[in-house]
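Letters are used for the chains, namely A, B, C and D, taken in the order the chains are written, and counting of residues starts over at 1 for each.
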Amino acid sequence: MEHIGLTAKDLSVHYGDRPAVKKVSLDFAAKQVTALIGPSGCGKSTFLRSLNRMNDLIPNCKVTGEIWIRDKNINSPSTDVVSLRQKIGMVWQRPNPFHKSIYENIAFGPRYHGIKNKKALDEIVEQSLKKAALWEETKDRLNNSALALSGGQQQRLCIARSIAVKPDIILMDEPASALDPVSTSKIEELIADLKRDYCIVIVTHNMQQAARVSDKTAFFLTGEVMEYDLTQNIFTNPQRQETSDYITGRFG
Amino acid sequence: MKAKTADKIATAVIIAVSGLIVLVLAGLLGYILIRGVGHISFDFLTSPPETIRIGGGIGPQLFNSIFLLVLTMIITIPIGLGAGIYMSEYAPANRITNFIRLIVEVLSSVPSIIVGLFGLLVLVNMFNFGFSLFSGALALTVFNLPLMVRITEQGLKGVPREQKEASLALGLTKWKTITSVMLPISMPVVLTGTILAAGRVFGEAAALLFTAGMSSPRLDFTNWNPLSPFSPLNPFRPAETLAVHIWKINSEGLAPDASQIAAGASAVLVITVLLFNFGARWLGRYMYRKFTAIK
Amino acid sequence: MAQSFDRQKAKPHIAEEWVGKIVTLLCIALLIITIFSIVYFVASKGLSTFFKNNVNPIDLLTGLKWSPEGEPPFFGALPFIFGSFSTSILAALIAAPLGFCASVFMVEISPKFGRRYLQPVIELLAGIPSVVYGFVGLSVIVPFFRDVFPGQGIGIAAGALVLSIMILPTITTIATDALAALPKGLKEGSYALGSTRWQTIYRIVLPTTLPSLMTGIVLGIARAFGEALAVQMVIGNAPHIPRSLFESASTLTSAITLSMGNTAMGSLANNALWSLALILMLMTFVFVFIVRFLEGRSKL
Amino acid sequence: MKKTVMLLMLLTVMVALAACGQNNNGNNAASSNAGSSEPASSEPASSEPATSDLSGSFLASGSSALQPLVDQVSKKFMDANKGVSIQVQAGGSGTGLTQVSEGQSQIGNSDVFAEEKLDADKAAELVDHQVAIVGMAAVVNPEVTVDNLTKQQLIDIFTGKVTNWKDVGGNDQKIQIVNRPSSSGTRATFEKYALGQKSEDLQGSIQEDASGTVKKLVGETPGAIGYLALSYLDDSIKTVKYEGIEATVDNIANGTYPVWAYEHMYTKGEPDAAVKAFLDYMVSDEVQNADVVELGYIPASKMQVKRDAAGNITK
């Protein structure tokens, strides 16, 4: 499997006239976890949602700049957004499984993408659930409603769902912030695991989490990237005063 | 202390008025049912009406009402869903969309008699569908459509954004997202609304006087070929529905037991509407529970 | 693998997106065509009275005498217009306080009982077919009025009473929604200042929800304005402005239902009825615009 | 889901197409059979309903007063002629005349002469078939003591000159008029033959189109007066004599009681075989002496007088 990264160049997002992200350029490497941190409203989530063109859905929201995957700028009108989104998985803050069975949640995407064979689907479901460390807990009740799972399980199901369509990149928008500590640590373990196969971008509020799971960290403030460096450097030796203030908890 | 007295009086008045409303409905239902239920029998529900003899039934009218309802819904549901989906998911936020919204609102408030006249002029005479179930169904579609559009829109707007995004993020098209993820979630709302709209069809008379006609040809209930003029399934035959029949019997009835038949038919009509109401509520609750239940 | 379904799926899904968009667009287009053709046909029929038959529109709107079969014919629709307005407004005057009380009961006094019993009851009122209302009106309200008040029992009062029950659900539902949507802090602030419930209702709740309540009332009037059969059965149908609420009168709808089947398409008498239908339709539009205006205000 | 939606839409389209096809079939069948069966007119008084190898499908629409009769007879006719399908619709005399004149229906049922509703040139294209006579009588609330009203008294009442029963020989009670709308055929008949002039829509008068409602209101409202077809008369109301003459079938037939009208079934031009056979069956003795009488009309054959559209009476 080829491993693919993502590059944003001068990416700006405007809600109407109000700028939310200002000319951000970031490089996300394959097989790495990049954390986006910053205070509320700093534009990190907006930036993340621009990467798979999810902001297209929001009226009034305008995204300018370039996003490169391999040799293609995907932030152009001619991009086939649907195929693009298949390659970029996404996980939300609150677990959002479909109102379907556990099995259907996973099989839904692949089936749409042309895999009709029951055996192949079974295989994908099992593999995805195993990768998401959910197989052992759910293998006996695959036909039960996904809504019957606990919050942490639901979130892992959502991760399994997104890897079932074989993305290259996974975007996570505060994936653990709605979960209890035990579930959170499970998700973090999972992220560390998934890193072997995917390029992962994670938005988080929790600086310990960023420090634990990420390889690189970008610090956002009022729509701009203040600092982008190896996670270690950001947390031990920040170059800018704002970064230092934020991670030591002076504001945010 | 004066304020407290005023408060007590006002509360008492409000409770009394609310009680009055319940009483009015109870009286209304009681009046209709007590007068009519005695007349309802299997025979009454299945036999054809009599012009001047005693003992006529409402069989064909009951069948017509149900068949008309089915026809109307077959036309209304797909178009209404489609239009509702467009308004909720595809329509760009601009002036034209606002204008369309206004138009839907206008259509929903057009009085049923105008719809009936329009049907008479255009469907019955111009397109030459005649007084027929089909004309009636189209006329009823006209004023059920806006309702259906609104219900669909409401249902889709109620779907959490994350659900929609989750499906899109898997690389599904918008259309597939709407039909496989959003519509199932909004189903309880849409279904409840649809059933309530269907109840309205059942009771409508003014528009049908001019479109479905006031006569019921002899029906041969063994003939199920929709093209035969005697077949109950032929959509191009005139069809008097239950509500129209009540109107006619009340005003023109020659049969000696006309008033009992009217009372019986009214009771049947009201019971059906009640069933629709309770059915819609029950189904809505059931589906809501089914979708969110923890098994 | 990822690469392979990229190429396979590229075309079909774009087609699918377009099919979806076009199919739904067609549905909405159909709706728009329908409303425009209704307006077109009713207007062309209704206006032919003026253009083809040379009836003066001012005479139609202000004339007091309606006798389309007379020699010479008269087309004064003012009695019908008056009848329509007076019955529907009177109906709203009866229904509005009732509806407001019911919604206050449901939202403020006893939400549990209200939601469980009162709301279904009121929704049931909306479901009862209008012919049944007319039937009950003719058999119960008319004889009652005849015994209690001077006159024949039929007339605007009977029509308005029947209509008020029919529009009660419209008014109540909208009022309930408006009351329920009121920010909690607003009421709590008032209670915190020591106001009683009634003071809170008429000082805080009523003024803030007024535009919404008005919306409900206008929608109720619009519905009453267009109702045909129930009114026709109890109003008496004399084409005159009545001298009392208990004297035979007519509405636009009752005049149309009464004579439409009896006149031949294209004849002068028939065209005049279409003119009444046109007035009715235009009034409905006016009501919609008023509602829009009020809704705009209630958002402020 | 998508498939279901598509399927439903397809279905809708199909139904719509079938609509067009169906209608054409009906019309074609009706007209193409014009020459195929023997003319049944040669045996108008036969007790058997015409020949049974007739086929065709046609529509009779119009007067709601005539509809029960046509409906009932059409069922009998269809029993005897399996190949014929007749649809009977009620929508008012005006609608019936419009539809037959514009070719949407093959028979237009009407309570009045076509000349009274349609333009002269359109009316001239229609052929009148008078199938029955309907008699009308003034009726009053049972508590009104008056038994007889003269023509002048009726005129005075219906034009508002007399507003109290005591002026026409009754008790001191206000007269409540229950009239028909000015477009009504029943009213036209009553005005023409009972009053001899148009009446006014008086302030406070009630207007109802439907006979049942008129009967109910006259029966319930103190001091009420209205008029009804003879078939509606019963004990809940009181029938008054006109100029001393009782409204009976015999009095109408021999021309002494003038308030009556024909029930018409119009065709555009001469009817085709199936329609003609049906119309002939309509005026056959079998129908005239049974269904017509049963439904409260007077058989056309019984009439000793005739009347034209202008109201001229010939013996």
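Here, a contact is a pair of C-beta atoms (placed from the backbone, for glycine too) under 8 Å apart; a residue touches a chain by one contact, two chains touch by 3 or more.
In UniProt terms, the chains line up like this: A = Phosphate ABC transporter ATP-binding protein (PhoT family); B = Phosphate transport system permease protein PstA; C = Phosphate transport system permease protein; D = Phosphate-binding protein.
As the structure is a prediction and not an experimental result, all values here were calculated from the model.
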Where chain A and chain D overlap in contact partners, by chain label: B, C
Chains in simultaneous contact with chain A and chain C: B
Identifier of the chain whose CA centre is least distant from the whole-structure CA centre: B
Most widely separated chain from chain A, with each centre as the mean of CA atoms: D
Computed distance of Cα centres, chain D from chain B, in Å: 33
Distance from the mean Cα position of chain D to that of chain C, given in whole angstrom: 35
Where chain B and chain C are represented by their mean Cα positions, the distance between them in whole Å: 17
Whole-Å separation of chain centres (CA-atom averages), chain A against chain B: 47
Multi-partner residues of chain C (at least 2 other chains): 13, 17, 20, 23, 138, 233, 260-261, 265
Touching two or more other chains - residues of chain D: 2, 5, 9, 64, 91, 95, 98, 102, 208-209, 213
Shared-contact residues (touching 2 or more other chains) in chain B: 78-79, 81-82, 120, 125, 173, 175-176, 179-180, 184, 210, 250-251
Every chain pair in contact, whichever chains are involved: A-B, A-C, B-C, B-D, C-D
Residues on chain B engaged by chain D in the complex (per definition of touch): 51-52, 71, 74-75, 77-79, 81-82, 120, 124-125, 127-131, 134, 175-176, 179-180, 183-184, 210, 213-215, 217-218, 226-227, 229-230, 235-238, 248-254, 258
Complex interface listing, chain D residues touching chain C: 2, 5-6, 9, 64, 91-95, 97-98, 101-102, 117-119, 176, 181-185, 188, 198, 200-209, 213, 216-217, 220-221
Footprint of chain A on chain C - complex, ascending: 1-2, 5-6, 8-10, 13-14, 17
Contact footprint of chain C on chain A as seen in their complex: 1, 80, 82-83, 86-87, 113-114, 166-168
Chain A to chain B touching residues, read off their complex: 52, 54, 57, 59-60, 82-90, 92, 94, 96-99, 108-109, 112-113, 144-145, 147-148, 158, 161-162, 165
